[in-house]
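Heads up, there are several structures right after this.
Both of the next two complexes hold chain A, though its partner changes from chain B to chain C.
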Partner chain A sequence: MTTFTFATAQYDSGDWDSAPLVPPNIIDTIARYTEIEVTPTGAIVPLASPDLLRYPLVYLTGHLPVRFSDAERRQLREYLDRGGMLFVDDHNHDVDGVFHRTATEEITRTIAEPKLLPNNHSLYSAFFKFPDGPPTTSHELNGWGDNLVHKNLFAVMREGRISVLYSSKDYSSEWGYHPDTKRFQSVDNTKFAVNIVVYALTA
Partner chain B sequence: MSAIDRIAATRRTLGAAVVARAILWASAAAAAALAAVGTIDWLVGAPRALRALVLPVAISLAIGAAAYALWRGRRVRSLPAVALWLEERVPELRYALVTALDAPSVSPALERNIAAIQWPPVIRRALGNALLPPLIVLVAAAALLFALPAGVRARISEPRAGDALLRAPIAPAAMRNRLSPLTGEVLPPSYTGEQHIIIEEPSSIEALTGGHIIVRGQGSSSGITASLANAPVAPASLRDSADQWRLDIVVPAKPAALELHDRSYARTVIIAPHADSLPVVSLTAPTRDTVVRTPKGNLALSATATDDYGLDAGWFEYIVSSGEGENFTFKSGVVHRTDAGNARTTKLAGSLNLDSLQLKPGDLVHVRAVARDRNNVTGPGIGVSETRTLRIPRASEYDSLAIEGAPPPDVDSSQLSQRMLIILAEKLQARRSKLPRAQVLTESRAIGSDQARLRQQVGEIVFARLGKEQGTEDAGSDNAPAKMTPDQLLAAANAATQASAGATDFEGDETPVVAVNRPLLEAYNAMWDASRALEMGEPGTALPPMRLALAAIQRARNAERLYLRGKAPVVIVDINKVRLAGKRDDASSSARLPRAALDSSSERRAQRFDEAMNLLATNPSAAIDSLLALRVDALESAPTLAGALAPAIDALRAGHDATSALVRARRIAAGVTLERVDSQWGGAW
Partner chain C sequence: MRLPPDARRRFELGLRAAALVLLAWMIARSAAPRDSATVHERTDSRALNAALAAWTLAPEPTSVHVTAAFAPAAREREWLRALSHAGVHVSWSGDSIPATAIEVAARSDPAGGVRAYVSAPAGTRATLSDAVGLIDTLSIAAGANALSLPMNAGALDLLAHEQHARALAPDSLLSRQIVVLGRAGWEGKFAMAALEERGWKVSSRLRVGPNVFVSQGTPLALDTAHTAVVVAIDSSAAQYANAIASFERSGGGVVLAGDAPLAAALRTLAPGRSGPRVAAASLSFASNAPRRALGFFPVLALSNDAVPLEGRDGHIIAAARRLGAGRVVQLGYDETWRWRLAGTGDAPAAHRDFWSSVIAAAAYRATAPVASAAPNADAAPLASLYADLGAPSAPSAVAMHITAGLRWWMFAALALLLLAEWTSRRLRGAR
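Our next item is the complex of A and B:
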């Protein structure tokens, strides 16, 4: 078995690097709860690069408009065709925000329109149990963004599997802290990331 | 009436008979040809290519027969020939007619003798002999032609695609395979303006997604079932039309197999859809991302858009994003919407008024062109251009902001000059053994002088960035030493950064200013070494540091173009320290297995191909169906293989030798690249 590397997608438009602390935090969480072999640092992979195919899960976030280039779209399509999973998180936590509108438009153009993911999907029991669906973020509760608690995630399914997981919940803000900070938390709010990684790596 | 007049009258009668016989033979020949081919078509079915030839061949035969008949009767134009013809058939004349023709002033007695002899019965008999045979042939051929089924006559007189269904079946209905003959009519969506086409005996039908396909066969639809992509087709889609059945299906988005069943008969037709392409839009102005220091006036916009069937409209979209960190606001809009009027190519032009956007420092303006096609079935297809970004810099960013697409930085000219100096030094080094030492020294010092001047330019860039005045390098001991070591310069860079920007926590890493300037400082130092060697007339010794300097300039150039947003901190997780340190009480126990590695798709295709080949000897129709199914899958994932399978399937179905086509398909299935193959998807691999 090869070592899992958490990859962040770098795209030409927008601010792909808006959540630099999320990858180490998720890596920490993976090591903290699972025996998955994981590299201690994440990787940054250009969306248009064939290196994208090296990573089973790729994380994409940002605040600004997302406009894929033709090369990015082509490479992403191949990546998804070949079984990769893309996790997109709206760093604006705002369904009327421009990231949401442009990112969903690009995903639709690239593969298909993201649909509501039922909260009893196996993603929510892939490792930890989330019987109510995706965990709520503090950013949803404090009035930021669209001031809504999003009950569901969205997904593009392929052959019964999640191909693109889309979140309007702003996990990028929720998980964007140094992993050492976890020792001051009574509840680890990054557990859901384990489910995403385990789901991406297993069948 | 004189004898000559009577001969002339006979000539007219015989001439008319010759013409009538020619016409009759022409008609008989044409009718016989049509009847013969019609009978063959009725009995065994004639291919359309043969039927298409029948009419021209019949006309040619008619012309030939008429010409021959006229040639045979050519002597009727001559009065002596007519006279001799009569003398031959009426012996009582005893050459009186010939004599009368030879001697214009004939004797009254001879005239009386001729007048006493009547030859019309001879003429009537001759006319009967001449006209009856072609008339019989004509009547027989016409009778046969009219006795044939009406569909056969239509197939003969006007062969067209799809007329296979007009041929009346010979076998009784109970024994008839209603899946053969079969036609497929492709009806493209109306917005395309394309004509419908009919394919006979199709093994696959290519059509535009969203269009319609009408499959037709002979007989009633009762008892016929169909499934598309393994899903049963609604019975309402199958209905009767006159003495034919027809199946209407909408072209699906993905390749699918249409399977038809009639009692024990089965037939598979591949539906190979192709999608209406999205418009291709190219933004020609602005040509690149850029920084606009003063956001005033109009920004010129232009774009070109093309589509495979026709464009409906085009416009420009903009999004203005303001803010930073977690606080962003956006506004968007559309300008210069243009009606493309169904053109396949159009140009969009307009301008964006920057004043009206009320841009502030730090704002980003994203502009792109959009075009929409006329696809009202599966669309509309919307194509967009690349996005151009205009950045309004903050005042604090004027000195450090570098964004891709900005004018080339100053070091570009240094890079070119350094490359040229290296070339000169290399040439001198190559000629060195043939030149006197004095000349080598002179030329080497000339290069060294240029190298020193270039070093000064690089030094000015570096010192200017460190907040010093230009020319600091040569300013003497009051400002800086004439030559600083790289470490000293880096320390100065750090100091300059700290002084201007305050403390910055970069986790022990170097500051961006140092990161950007370090390569230039390396270049600066390497140029010193090169200059020294060149001053001593040693171009060979100077070359390594000169190349180092060039590489360093290149690195500096790249660094300046990549650093747009600062540098993310690098956090290295101590895996061993945190491994399984978390509480997993609420972890699920559901079993999940590691995902299997993807099968090699080409291997799977090759395996399926081999399985079909194994079936070929024992069950050819099943083998053809397997190949059809393989082709359905290959249409999307391996169009080259799909293209290679088509002739193989057609050859197998027609009972022809398919060896070469199968060998070619097998090699492609196994992933062997044989040759360039262009597909309709525009792919050349």
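Our next item is the complex of A and C:
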């Protein structure tokens, strides 16, 4: 039985490592709520490397403009063609921010334009129930960034499955804290991460 | 020399008695089963066809022999068999008849198509065609030669050394779902993806937490009306062991993948015992032997009714057995998803083919009869010739010396006797 390893994509442009606390926090959440065997530490995988094909779910984030190299684009296209799933989160949560514009352009060039994902998609009931769609982040509510609450996520679908999941909600900020801090929260705000992982493993 | 009148009368009486005896013998012979002509024919089927018509008309022969260059057609064999049942001794010979045979089975694949197994003398160049025309030319190897055909029209016809073998299109398969049971993980996910991409309808129930499952479709409809195969992707499927065993015994297919046979509840179904995991033999996925880069649980202590399906370096990796009315496939691989993601360019397609073939090896086959059948199916003409007429033999020795001239000399002898008796009487002046 293969254990689940949470992998973060490393790309040449921008700041791929802007949310270093997200992986350990998600790993902690997966171990806390599920029976999924999870590797205690995450992995960092260069987007242009064939090693990308060892991790069927990869997380990509950043604040800065994203421009994939030809090798990165080629490798990512092959990865997605073979059934890999890419979760992209805009660490700026800025609708016209540089990460959003460049990342969506790159995804469109590589595979297809991300489309709005309906809020009744099975992603929102894969483990925990989110009847209203993606959970709102505190960063959306505190006026920082684009000062918008994004009602939906976006996705590129392949064979009825999410191939690329794109978020403007800044989960990278929302989940970017040490897992031990979780005990001081009345509501665990990382539960949606469980849905993303469970969806990737089962759909 | 003139005979005395008494002696002459006794001579005439003797001639008359001899004629009566001969006449009585002829009458007795005509009442007895008839002797007849032996007919020797060399087929070409056209000559045999004409000969069969002649043999069937009176007078029937006692013995017929067919020297065949190739096996008579099914209709001609039936005719010969009917003659045999009517009391005619039927024999045949033909050392050079090529042993061609063809069998066609529907593929357990939503894409449809058939799998044809053809056989002919090794080294023969054979052609395979259907109602539309030529499909392929084959160089026949020893044993059965298998071909997968995505589609065909009507009966398949194998032609080798002028010998045809024809098989009808099989009944069409009715589609049933595949059920995947086990823990949430990459192997289950990508096995399901491969099967769905191949056209299978897949239901699943995957465990993600204590009493928490992610379900798709109707995974608990474990009966042959809905389900063709249950895939236990790992040992956690043991919680459904009773339902799986019941489904299997009623005719369903079961695939025990990875460490599933290690679970005590599933072990009784497995074709063998699962051994400690063997590491991959290669670090990279070569295109000619990609599964060498996969680890596996070897199948040990294969049961007597099981057959190995795949092996490597002395280990059995996959095996199958029939149990009750169903079939169980034990598949040692637990990380075929790595092959799909990290294999060479054709890996996703090869991974789909692999999983589809695993399913086909176990699948419950529900069939719908084809609407019409070609009347000229003749899948193994030489074997059928043996079955219909027995082993080849030389023409019957008894039949050889019975000739049609027998009645002629009997008639001549009778006429001679009566003529001599009449002449004798007339010469002595009696009427």
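Quick notes on this one:
As a working rule, the second predicted complex is superposed on the first by the 203 of 203 C-alpha atoms of A that agree within 3 Å, B and C clash if a C-alpha of one lies under 4 Å from a C-alpha of the other, contacts with A are read in each partner's own complex, and residues count from 1 in each chain.
We adopt the following convention: a contact is a pair of C-beta atoms (placed from the backbone, for glycine too) under 8 Å apart; a residue touches a chain by one contact, two chains touch by 3 or more.
All figures in this text were calculated on a predicted structure; none of them were measured in a lab.
The superposed arrangement places chain B and chain C in clashing positions on chain A.
Applying the stated contact rule after C-alpha superposition, one finds that A:S69 touches chain B and leaves chain C untouched.
Note on chain A: of its two partners chain C and chain B, the one contacting more of its residues is B.
When the two complexes are overlaid on their common chain A, residue A:T41 makes contact with chain B while staying clear of chain C. By the touch criterion defined above, A:A126 lies against chain B and chain C together after alignment on the C-alpha atoms of chain A. In the superposition on chain A, A:R54 makes contact with chain C only, not with chain B.
Of the two partner chains placed by superposition, A:V187 touches none, neither chain B nor chain C. After overlaying the two complexes on the shared chain, residue contacts for A:A203 are found with chain B and with chain C alike. By the touch criterion stated above, A:E159 is placed in contact with chain C alone, chain B being left untouched.
In this superposition on chain A, the options for chain C are 1-9, 73-81, 91-99 or 127-135, and chain B clashes with just 127-135. On chain A, the surface patch touched by chain B in one complex and by chain C in the other comprises residues 1, 33-35, 56, 82-83, 126-127, 198, 201-203. Listing the residues of chain A that touch chain B in their complex gives 1, 13, 15, 17, 20-21, 24, 27-29, 31-35, 38, 40-41, 56, 63-65, 67, 69-70, 82-83, 92, 97-98, 102, 122, 125-129, 144, 173, 178-179, 188, 198-199, 201-203. Chain contact summary for the complex, chain C toward chain A: residues 183-190, 193, 196-197, 204, 206-210, 212, 214, 216, 234, 258-259, 334-335, 337-338, 340-342, 347-348. The residues of chain A lying in touch with chain C in their complex are 1-2, 4, 33-36, 50, 53-54, 56, 79, 81-84, 126-127, 159, 161, 198, 200-203. Contacts from chain B toward chain A in the complex involve residues 319, 321, 326, 328, 330, 332, 364, 366, 368, 384, 386-387, 389, 565, 568-575, 578-582, 584, 586-588, 590, 592-596, 598.
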